[in-house]
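These are the structures in question, set out in turn.
You will see chain A twice below: alongside chain B first, and alongside chain C after that.
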Partner chain A sequence: MTDTKTPENETLENYRRSFEAFEKTELCGEGGWLCPERRSAFQRFEQNGFPGSKDEEWRYTRLESVKKMVPKSAATASVDLKTMEPYVLDPAWPRAVFVDGVYQPALSAGLEDQKGLRVMSLAEALRRHEPQLASGLREARLKPRALTDLNTAFFTDGIEIQLAAGTHLEKPLQVLSLFLFAEGERAIHPRNLILAGPGSRAAIIQSFAGIGSNSYFSNGLTEVRLSEKARLDHYVLQQGGSQGFQTARGEIWLEKESRYETFMVSADTPFFRYEIDAVLAGRQAGLQLHGFYLTAGNEHVDQNVLIEHRVPECTSGQVMKGILDGHSRLVVRGKVHVYPDAQKTDAQQTMKNLLLSRDATADAQPQLEIYADDVKCTHGTAIGQLEDDAIFYLKSRGIEADEARRILTRGFAMEVLEKIPLEPVRRAAEAALGAHFREV
Partner chain B sequence: MSDAKELINREYKYGFVTDVESDAIPRGLNEETIRLISARKKEPAFMLEWRLSAYRTWLRMKEPAWQNVQYPPINYQDMIYYSAPKNKKDAPKSLEEVDKEILDTYAKLGIPLDEQKRLAGVAVDAVFDSVSVGTTFKDTLKKAGVIFCSFSEAVQEHPDLIQKYLGSVVPVSDNFFAALNAAVFSDGSFCYIPKGVRCPMELSTYFRINAADTGQFERTLLVADEDSTVSYLEGCTAPIRDKNQLHAAVVELVALKGAKIKYSTVQNWYAGDKQGKGGIYNFVTKRGKCAGAKSKISWTQVETGSAITWKYPSVILQGDDTIGEFYSVALTHNYQQADTGTKMIHIGKNTRSTIISKGISAGRGKNTYRGLVKVLKNAEKAQNYTQCDSLLIGDQCAANTFPTLEVENNTARVEHEASTSKISEDQLFYCASRGISGENAVSMIVNGFCKEVFNHLPMEFAVEASKLLSVSLEGSVG
Partner chain C sequence: MLEIKNLHAGIEDKKILKGFNLTVKAGEIHAIMGPNGSGKSTLSRVLAGHPAYQVTAGEVSYQGKDLLEMSAETRAQEGVFMAFQYPTEIPGVSNAYFLRAAVNAVRARRGEPEMDAVEFLDVLKRKMKLVEMDPAFASRPVNAGFSGGEKKRNEILQMAVLEPKLAILDETDSGLDIDALRVVAHGVNQLRSPERAMIVVTHYQRLLDYIVPDYVHVLLDGKIVKSGGKELALELEAKGYDWIRPVGSKV
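Coming up: the complex of A and B.
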């Protein structure tokens, strides 16, 4: 081979070396059955490389900085209770805690208490040759994508949550991921599996917080499957302090009459790309997305949503609200795809972005792709700043301009925030908003 | 429902081939073809150079595939790139000298040239195939100082203007089809409105595709000098043909300080038969530049024809306080496909744009709105309002909306709304109970749906457009 060392090649070479090393470890081979799958996933990744500017879905988001990072898996780090405490939303709730992508039994609590709930770290499940997990992963209806392949090739840990038929989870379950990376730059690929049995009900919070100062790349993938009449409230909460690049993807599968409601709160996140890919596969399934994004500084947040209405009589709704400050950029892309037979579909999409600073950039792509005629699909998008009239009105009532802006911005945010049923999550989101204004 | 059946089976009204001997150059495309076209048209050296550079650019380009339409690959070597009616050599000096058959063609289209003079003050520069055969109302326009002529004529008589503005809005490297057009375009229209002039009449061009296998590569260049005003109409019909015909036109509009351009299109080319066979591929690049402050460009289009319509009439809002508008009705029936929309690029301060797009899909028609609203860093207080509505008729059609909003300035206000709906049973029932037949009810509802756009059409076009919609929708409701 002559010298063809483009940065791209170098990246792939790094990954190849990393994968070859990983293949020799126990973590990869555990379970045996997984190895061939990992290898073919990696080969696909090698072929396609990272998504680039030619990829329409990555039009505004570059992974250049991620590519530069040499992929190394994380060593086990230890964190004491005190460090973790501020991120625990409610000590009474069951929680599973991960540090640098590795499950921490000592920090986790309350997972055994609930009947019908089965929580296990993926590493443990792999070690145990958990047959159910094997079938769960094999059944994966994952769509081919570079980052998905990367995750499949490298994942070592994550969480597996199973809800038996008819289980009603009394308390919400928090899955807390802390990023410390004391040893320097690392890449992790957490893989999660949530299987909600028929008629089960639960609230699950996935929350992320940075507690170190090194950069990292976290490439998460969460698969959610809702059986008939299952109901899941899924929270994705950024708790701040993040120093790295985070991509996460949720692949949601909804059976008949199931309902998935997701609340996305992102604040103080330097780089976050969150993809939701939901398939409404059973009649009368419903999905509701509430997104709240607060960006400042040089942050880059990219929310990418695809909702597929494959069968009739399903509903979906998306409300996404962004507040942008500093030099930040927020990309919101949402697509509703209505299949030919999916009559009586009701799909709504709203994206609103508030630009607080001169240098922030907002990109919005609300998309409808419709192949059925008896449907109700709408979308609305607005990008702008606070109304001068509204500020003037408040000033005429004796409220100072700054305070007026704060009130109006809060009002803008509340449309999403007040929909959050869980008090601690709502408080965390409001606190992020409050903190932002204090800093300004 | 025998009436409905009859209507469904009605053949394309404007389907016929005029038997005029064509002076075509051999099939295929290479530098020689381009030199030949340029020589035939006796073009100055700069034009040949420009064409050749476009051709070389085109060779390096790939045919785009991102658009949401499907068609068999086009063989660019199997096309005739130039054909002129034979009689061109001794060009007609008046209408009487124009080939009888050509005049008949216009008569069949309902736009006889000799009547145009008496009609509603509309000047027509009719493009029959690739060479203009007759231009009317030259004198009236001349008095006002307006230049309105075929592109070839303009190249001969106003090379300075052509050299200055050709490619200034759509550069040769803009896209695959624009580059192809720049290399081989045969003719088109040129229009220049001098400073402070309000064009005394609506300018109009009828395009007509004729002579089998002739790809049409029209080029329109319209320059509105400072504080001038012009309204331009463009409409078309084409004969029935088995083989798909490519039409890759380029339209460039330049509005200088305070100028206003209104460009209206009614497009009714042959859409193919009910099985989706034949029909025109309409791949057009249309773009206007509001170069000077306070200028305005307004696009209005009614797209009912063509097997595939693929175009995005856009406005570059460069000057401060400029205005861009886009009003569109796109209708697809049978196997028609349309991927259309607009781009509004806000560069100057206080720029405003409005987009109203109405897509109607019937049968197996596929309709896509694709648009971009981009507000650049310095576009203080830019404003955009976009509304995209889709109407579905039948359960095998498709309606897509792909808007993109990019905002880099916080004083901007950008809004987008879209909805998708169908003609409900209730509406039809209500009309039926009032004695309105299904066909008429659909036509009425559709016309109501499109009203916001039709209101922006010049009167003559508005009437034609609403008739066109009714005809195009025939057979869509049992």
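Coming up: the complex of A and C.
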């Protein structure tokens, strides 16, 4: 070690100062019960630093701008109902609302109406020493990752959702995160926990919207555990206006015969890295991922998926489609790892990207690692422009060239979006698409 | 309505049409017959304005205007319609959405107000009945996963909705079994009118049993070599194309 101050060292020093201050606060974990856990996570982070270009999974995505940010934690902010309203997908649905990562009981609604559903802010769970939190933390420690460690060291709030055995959630639950950061650049580390009991069924929408103009770093981590025969539809929806750097990670654990279907819709996000790490741990578990990404300007979106087939007879499917414009970049990586025991695995991957501009870059990397012999695994990628034949077909019906391109591009997107079963979510996704095409 | 004079056209460096002449009046149905490679599809695509084909000589006048000067979309807005031999699949775009966009493009050209979705659905349903098409096809993506027959029927549906003045049917019979052929032909016959001209391009006489033309022209090596009435089609069916080939021409 030398004494020269590299930017890297300066970043780590900033984080150290920030962590030392944080350790003295109550938020660290009332009674300090979490502090040892947080301290060791922070030490791991300090040792390893932010992921860099040498890390294969971060080859195309740099966190340089994030490193430059001083990791101040967010102050308590509040917004009025009117500001929130446009982002509420359906007022009849129960919702939990966060502003700058802090739970807002006054904006949330309908969370106590359903039997078998237990929703609690993570701040509250911390105060109550919820045991589920501790088990999740132990899991995270098994595979150290810089951003996970950072989250473990600093998280103060988020949501904990528990579904009792056999609970069928009547209405979808929206978890809305608004980013305001009126006081300037901030870093937040939301932590969420979704525990679906045996045979439970639910649809949960995590949605994000920027309502301010300051930059920020939001580094979220969501753990999802599906017990036997549980079924969860999980939506991750960008509702626009984002001004900052967002990284998020979903760690999904699937028990026997459970099913996880996830819809990821990203549009109008300057920087978004979304990781999914799923383990099919029980026989006949199934996972389906539908991803749709729209990038423009200088936006950078990176979707990184790892699906582990650990046991036999599980299925997984990934359909990821991107539309790229401007100088934007989209990175899509999907790795399927089939363990030696995982016979009769059925895994499919499709990645399609549509380039609307010569200056946009798409990186699509499907990856199969198969150690079992009786499996059905397929993958396919396609990157291209709109087909001349299709444009001509529309023009030959009188449709003007620009309109023809717009219709075809929309069609490309609709192939994914029309699979969204919840209409308000589909409408919000289409609106994001519509807004983009009006701008172009 | 349409006057084609000495048309020369091709794709890349290949010359395909070599001095094609044809005059079509409103209300007439002209059949263009010819073997593979004679230039039938090139003719259809050149008239529709396909960008891959180049016209090297000749002129085409449509309703007194220079057709070749118009873009493909302008031609369509002015009432030219080509039923594709191989209709393109457009996943993610419903038939209804696509057709309403087309109708509104034509209406915009005529200075007429846009048709809203509800109003249009009414029109579409009526036209679907005309071509005996299941209304469920309105919400299905354009041609995606359609059978050969369904695709061709969908072309005729588009023609029924757009009500062109000049319709060009490019080998509409290809790939159809006899039942599908009958349905498609029935749809076309419903659209015959004194104001509308049609050019039916086909390899086989079979289609002309159902869509009876006023004139039959034989296209060989890029030119019309023989013209006659509907009985010419029967003669071709019986004798093939060889008897008509000029002496010394290669097969």
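Quick note on the criterion: the second predicted complex is superposed on the first by the 422 of 440 C-alpha atoms of A that agree within 3 Å, B and C clash if a C-alpha of one lies under 4 Å from a C-alpha of the other, contacts with A are read in each partner's own complex, and residues count from 1 in each chain.
Rule of thumb we're sticking to: contacts are C-beta pairs under 8 Å (C-beta built on N, C-alpha and C of every residue); 3 or more make two chains touch, one makes a residue touch a chain.
On a predicted model such as this, the values are computed, not experimentally measured, just so you know.
Looking at A:Ile370, would you say it contacts chain B, chain C, both, or neither? Reply first, second, both or neither.
first
More residues of chain A are touched by which partner: chain B or chain C?
For chain A, the partner with the higher number of touched residues is B.
Considering only the touch criterion stated at the top, classify A:Glu56 as touching first (chain B), second (chain C), both, or neither.
A:Glu56 sits against chain B, while chain C stays out of touch.
Have a look at where A:Thr381 lands relative to chain B and chain C in the superposition and call it first, second, both or neither.
After superposition on chain A, A:Thr381 lies in contact with chain B alone.
After the superposition on A, what does A:Arg127 contact: first (chain B), second (chain C), both or neither?
Touch status of A:Arg127: no partner.
Does the superposition put A:Pro340 against chain B (first), chain C (second), both, or neither?
First partner only, chain B.
Would you check which partner chain A:Leu356 touches, where first means chain B only, second means chain C only, and both and neither mean what they say?
After superposing on A, A:Leu356 lies in contact with chain B but is clear of chain C.
Mind listing the chain A positions that touch chain B in their complex?
56, 324, 340, 343, 353, 355-358, 360-385
Please output the residues of chain A touching chain C within their complex, sorted ascending.
Its residues touching chain C are 387-390, 392-401, 403-404, 407-408, 410-415, 418.
Can you name the residues of chain C that touch chain A in the complex?
48-52, 71-73, 75-77, 81-82, 84, 87-88, 90-93, 97-99, 101-102, 105-106, 109, 141, 158, 162
Help me check something: in the complex, which residues belonging to chain B touch chain A?
Against chain A, chain B makes touches at 66, 390, 392-422.
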